[in-house]
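For reference, the structure discussed in these notes is given below.
We call the chains A, B, C and D, going by the order they appear; numbering starts again at 1 in every chain.
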Amino acid sequence: MDDLYRDYILEHYRRPHNFGPLEDASVTREGANPLCGDRITLQLGVVDGVVQTVGFTGRGCAISQASASLLTDEIKGKPLADVQSFGADDLLELLGIQISPARLKCAMLSHDTLRGALSQLAESGPEAGRDQAGAGI
Amino acid sequence: MDDLYRDYILEHYRRPHNFGPLEDASVTREGANPLCGDRITLQLGVVDGVVQTVGFTGRGCAISQASASLLTDEIKGKPLADVQSFGADDLLELLGIQISPARLKCAMLSHDTLRGALSQLAESGPEAGRDQAGAGI
Amino acid sequence: MTMTSEPGTDAPGSAADPRIRDGRLVAEVIRADFPILGTTAHGVPLVYLDSAATSQKPLAVIEALDGYYRGYNANVHRGIYDISERATSAYEGARARIAAFINAPESRELINVRNATEAINLVAWSWGRANIGEGDVIVLTELEHHANLVPWQLLAAEKGARLEFIPITDEGYLRQEVYAELLKLKPKLVAFTHVSNTLGTINPVAEMTAQAHAAGALVLVDGAQAVPHLPVDVQALGVDFYVFSGHKMLGPTGSGGLWARRELLEAMPPFMAGGDMIRTVTLRASTWNELPWKFEAGTPDISATIGLGAAVDYLTGLGMARVRAHEQELVAYALEAIAEKVPGISLYGPRDAARRGGVVPFNLPEAHPHDVAQLLDRVGVCVRAGHHCTMPLHERLNLPATARASFSVYSTRQDVDALVDGLRDVQRIFRS
Amino acid sequence: MTMTSEPGTDAPGSAADPRIRDGRLVAEVIRADFPILGTTAHGVPLVYLDSAATSQKPLAVIEALDGYYRGYNANVHRGIYDISERATSAYEGARARIAAFINAPESRELINVRNATEAINLVAWSWGRANIGEGDVIVLTELEHHANLVPWQLLAAEKGARLEFIPITDEGYLRQEVYAELLKLKPKLVAFTHVSNTLGTINPVAEMTAQAHAAGALVLVDGAQAVPHLPVDVQALGVDFYVFSGHKMLGPTGSGGLWARRELLEAMPPFMAGGDMIRTVTLRASTWNELPWKFEAGTPDISATIGLGAAVDYLTGLGMARVRAHEQELVAYALEAIAEKVPGISLYGPRDAARRGGVVPFNLPEAHPHDVAQLLDRVGVCVRAGHHCTMPLHERLNLPATARASFSVYSTRQDVDALVDGLRDVQRIFRS
C-alpha cells in the first residue's frame, strides 16, 4: 500500500502521456467507473493493423490516470495482435505497484476501455461507442 | 413453572366441569388458538339476566381445559353484570398458577371466548357466531 | 479457540481431530465446541432437541462475530481503508465458501439473504411476478413449510395462477404417481422441500427435478432442513433455485442463502432497491449492479454472513456425509427407544431412517403436545410443540399439533435417553 | 463489562458516570467502551471517521450478541422451554426499547427489518403498490440516498406514477418555496431524508410534514442519519413512516426499524410471507398475524435485534441531546480547522453547524477523493470517498465524487486533528 503513490505514478498522473483527443481516430471508446463517477475516453488510430496513434481524455484518480498513461505508451506503435494479447496482468506488472481489491477498478479502467475499443473495432468497424450499462429502468 | 401442573389443574383437565353441549343455549361461541390448532365452544344459557347454564366442548391442553373448567364453574349462576366484570386477572387468580408468556394464550382461550360470547349477546342477541380471523387471502 | 476456528489447520478426519473416530462423529467431543450445551435450565443440564427450529452455535461462529466487531467492523464494498477492505474480503470470502458448501458453480450465484423465507419471497416477487401469468400452474406439496406455501398463494392471488399440490402417503412420502399426473398440467414451477421439517421425509430431489424439467417446469427446492444435515450439491441435484437458512446450520440469525442458476438471476428484475444494488442512478432512472449485488440492496448483514462462513467451515471440517450418518443413526436409535419405552406413543413420518432426516415428531395419548413440551422443559429437555409452520400438513394428518425432537451434530444418545425418561415422567404425571 | 451493559445501573449524567462531565459527553472516556478504537491500522492507531457508513459498536452490544449465543440462543415465539422464552422476551423487549427510543406510541408499530433500505422497500412494495396508481405524484428530494429513491422509481415505473423532486440550494438546503409549489400537485406521498448523509443538512421534518398533511399527502422520513445522532420523536415530528438502520447507531449489522402509524400498518397487505406472519394457513388461503409480526416473515434476526436493544440502551445512557451537542460542536470545530489549515480545500454543505449533522464532505484541488482516502488510510484515518449512494446529488453539485469524514459519540477533536494533518500530508505528496 505504501508503494501505491510512487514518484513515477504521481508523475504520470500530473503529466499523463498521450493525453488529449486524436484528430481522426479509427475508434473512440468511453469507459466509466460508476463507483466514483470517473470516465475516460480512449481513441486509437489504426493503420495497416498497427496502432499508429493513441490518445485519451477524461478525469480520474491517480491510479486510473497513471494506468492510462502507461497503457497508451505501451500499445502505441504495436500491431493489433500484440495489443489484443496485452492482458490485465501485463498492465498490473507495468504499473509495478500493489493494487488492493478496492482499487482494482481504477487500475483496470483504461484496460477495460481498451478491450471495449478493440471489440468495437473488430465488430462494427471504426465507429464511436459507449460502454454498455447494466439493464435498468 | 413447577407449579403449573398441580393436582387440581390435572384433575380439572381429566374431568372438566360443565363439559358438554347445552340443549338450548342463549349464545354459542367458538374460540381458537391458531398456534396449536386448539378450539373450544362455549355456550351460555341466560335467563332474566342470569347465566343459568353453561357448557363447553372442544380440545386443548391441560391449561386451557382446566381454565375453561374453572371459568365455567365461576360464572354459573352469576348475573351477567358480574360475568362482564370477570377479568383476565380474575381468571389467572382462579387458576392459581404461574403462567409463562408462552402459555398465556392457553389460559386465556376460555376467557377470550367468553368475552366474544358476551359481546355477541349484547350486539346481536342469542345467535351462533365464530371468532373472527385476521384479514387474509 | 476451537480446533476449527481456523479452517484447514487440521485435516478433517485426521487422527489429530478428536471429534471424528473411525470415520464417525463423536458428538460427546463436538459438544465441547458449543458453549450453550454446558449450561443448565431450571438447574438441570440443557438437553437441546430443537435444532430444526434453530441450531446452537460453535465457538468458532461466536468468535467470528466477536472478531469482526472488535477488530475490523466497517461497511463493505465502498471503503478504501484497511478495516473496510478486510470486512469486504471477509464478507465476500464467506460468500464464496457458502457457495462452495452447496457446490454452486459460481459464488456470484449465491445471494446472501436473512433466511430461507426471504429467499423464497425474493424468487416469488422477482422471478414469479415476471414469469407467472393467469392460469399458470405452480406445483407444491402437502409437506411444505408456510415459507414455501404462502408466498406462492400471494403470487397466485395476484396473477390468477393455479396452485396444485402433491399429496402424501400416511407415512409422509410424496405420492410420485400423482406428481407425474400434475406434471401433465405443464406447470411453470415445481417448488418443494428437500427435507420435511415436520416428518423428516427426504424427498428424491434429483429425480423429481429431472421429471419437472422434462415437463418444462423450473424447480425451486427449500433446503432449510437439508443443508444443515446432509451433503447438498446443487449441480448434482440439477435444480434451478435452492434456498436455506444460516441459523439452522450453526450460523447466526440473519444469515441464509438463495442460490439460482446465473441465467435466471441475470434475467430477473431486482427485488429490493437501494444502495449497492445499482450501477448508475439518476433522479429518474437507474441501472443495476452485477450479480450477486443486484439482489443485495443496502448494507448487508455483514457479521451474520461472516458467521455463516465460519459455520460452513466448521461443518466442512466435520464432513457432511459424517453428519448425515450421525443423525441417521440417532434417528434410528430414537425411533426404536421411544417406541419401546414409551407405551402408547404415536410416532409420525417415514419408518425408514435412511429416508428421513433428524426429526422425530410424536404425540402422547394422555397429554397435549404443549403440556408435554412444558413438562419436558422442567427436566431441561427442549422440544417443540405446535404446528411447526406446517398447518396444512397437520390438517392432512388430522392432528391439531405434534411435539417434535430434532437433532444436529452435537446431539447424542444421552439426549434421546433424557427425552425418553422425560416422556415417561410426563405419562406418570398425567396418569396418576 | 462497560458501565452501561446493564441499562439503568447508573443514572445517565449522574456524577458517577465518567462519560459525562458538565452535561457534555467526554468522548475520550467513551472511546474505552469501543474495543476497535484501541486497535491499529498499518501500525498506527485507528482514527475512524466513517461513522455515517456504519458506526463502531460498544462492548455492551458485542456482549449482548455473545450472551445470546452462549446463554439462551433459541428460536422465538413458538418455543415453550426456558431458553426460547428468554430469547422471546429479549427479542420483544428489545423491540419495545427501540420503539421507545424514537417515542413510538406503541411497540407493535415497530417492525424489525435488516436496514433502512428494507424498511423503505417494505413500504414501497406493500403500501405503495396498494395505494399508488397511474398519474399519482410522489415528491422526493435531490438529497436522497439511493435507498429512498430507487424503490420509488421502481414503483413509479410499475404504476405509471410521477416522481417530483424538491431541488436544493447550493449550500444543500431544500428549496421550501418549490416544495410548496409541488404540494399543489396533491402528491400521495412525500418522502425525504431527515439528515443528508452526504451534506449533513438537517431538514425541517415537522414543518414539512405539517405542510404535506395539509396537502393530503402521507410522509415517509428516512432517519438513517438522524436516529444515531439526534433526539428523534416520531410523534412530535408527526410523520407517517419513519425508517432507520441499526448498524449506523452502534447496533449490529442486520438490525433496523420501520415505524409507521398503526392504522397504516393494519391496512397494508403483507410484504414477505411465511412462518410467524400468519394466523392460519390452509393449502389455498391464509390469514395474517397481528402487528408487528404480520411484517416479520420467517425467523427474524434475533441476535441483531437484541444487539440493537443494547445499542439503544447505551445511547439512552449518554442522552441523545448530549450526543447531538457533541457532534454539532465537533462539526463546527472541524469546519473551522479544516478551512483554516488545509489551503484550497472545498467544503460542502450548510455552513451553519446548528443545521447540519456530523458529516464533513470535502475535496482537495490537487488530488482525487479516492487518492485522498487511500493516503489517509496510511496514517490510520478512515474516511469515505465516492458518491456515498447519492449519485443524483453529486450530479446536481457537479462533482463526480467527494471525500467525507463523519462522526459519532466516540469522535474527538484529536480525530479531526489527525484528519487535518493527514490532508496536509496528501497535499505535500501531490504537490511535490
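Here is the rule we go by: a contact is a pair of C-beta atoms (placed from the backbone, for glycine too) under 8 Å apart; a residue touches a chain by one contact, two chains touch by 3 or more.
Remember, it's a predicted structure, so these values are computed and weren't measured experimentally.
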Between subunit B and subunit C, the fewest steps along chains that touch one another: 1
Chains touching both subunit A and subunit D, listed by label: C
Chain whose Cα centroid lies at the greatest distance from that of subunit C: A
Distance from subunit D to subunit B - Cα centre to Cα centre, in angstrom: 47
Geometric centre distance via CA averages, subunit B-subunit A, whole Å: 79
Distance between the centres, which are taken as Cα means, of subunit D and subunit C, whole angstrom: 32
Subunit D, residues touching no fewer than two other chains: 42, 78-80, 84, 153-154, 278, 280, 285-286, 370, 374, 377, 385-386, 391
Subunit A, residues touching no fewer than two other chains: 35, 103, 137
Inter-chain touch pairs (all): A-C, A-D, B-C, B-D, C-D
Residue ranges of subunit C touching subunit A (in the complex, touch as defined): 78-80, 84-85, 88-89, 278-280, 285-290, 294
Touch list for subunit A against partner subunit D, complex: 1-2, 4-5, 10, 35-38, 59-63, 103, 106, 137
Parts of subunit D lying in touch with subunit C, wherever the complex brings them together: 35-36, 39, 41-42, 46, 48, 50, 53-54, 56-57, 61-62, 65-66, 69-75, 78-84, 114-118, 120-121, 125, 140, 142, 145-147, 149-151, 153-154, 163, 165, 245, 247, 252-254, 270-278, 280-286, 297-304, 370, 373-374, 376-377, 381-386, 389, 391-392, 395
Footprint of subunit B on subunit C - complex, ascending: 42, 153-154, 157, 367-371, 374-375, 377-378, 385-387, 391, 394, 400-401, 429-430, 432
List of subunit B residues in touch with subunit D within their complex: 34-35, 100-103, 133-137
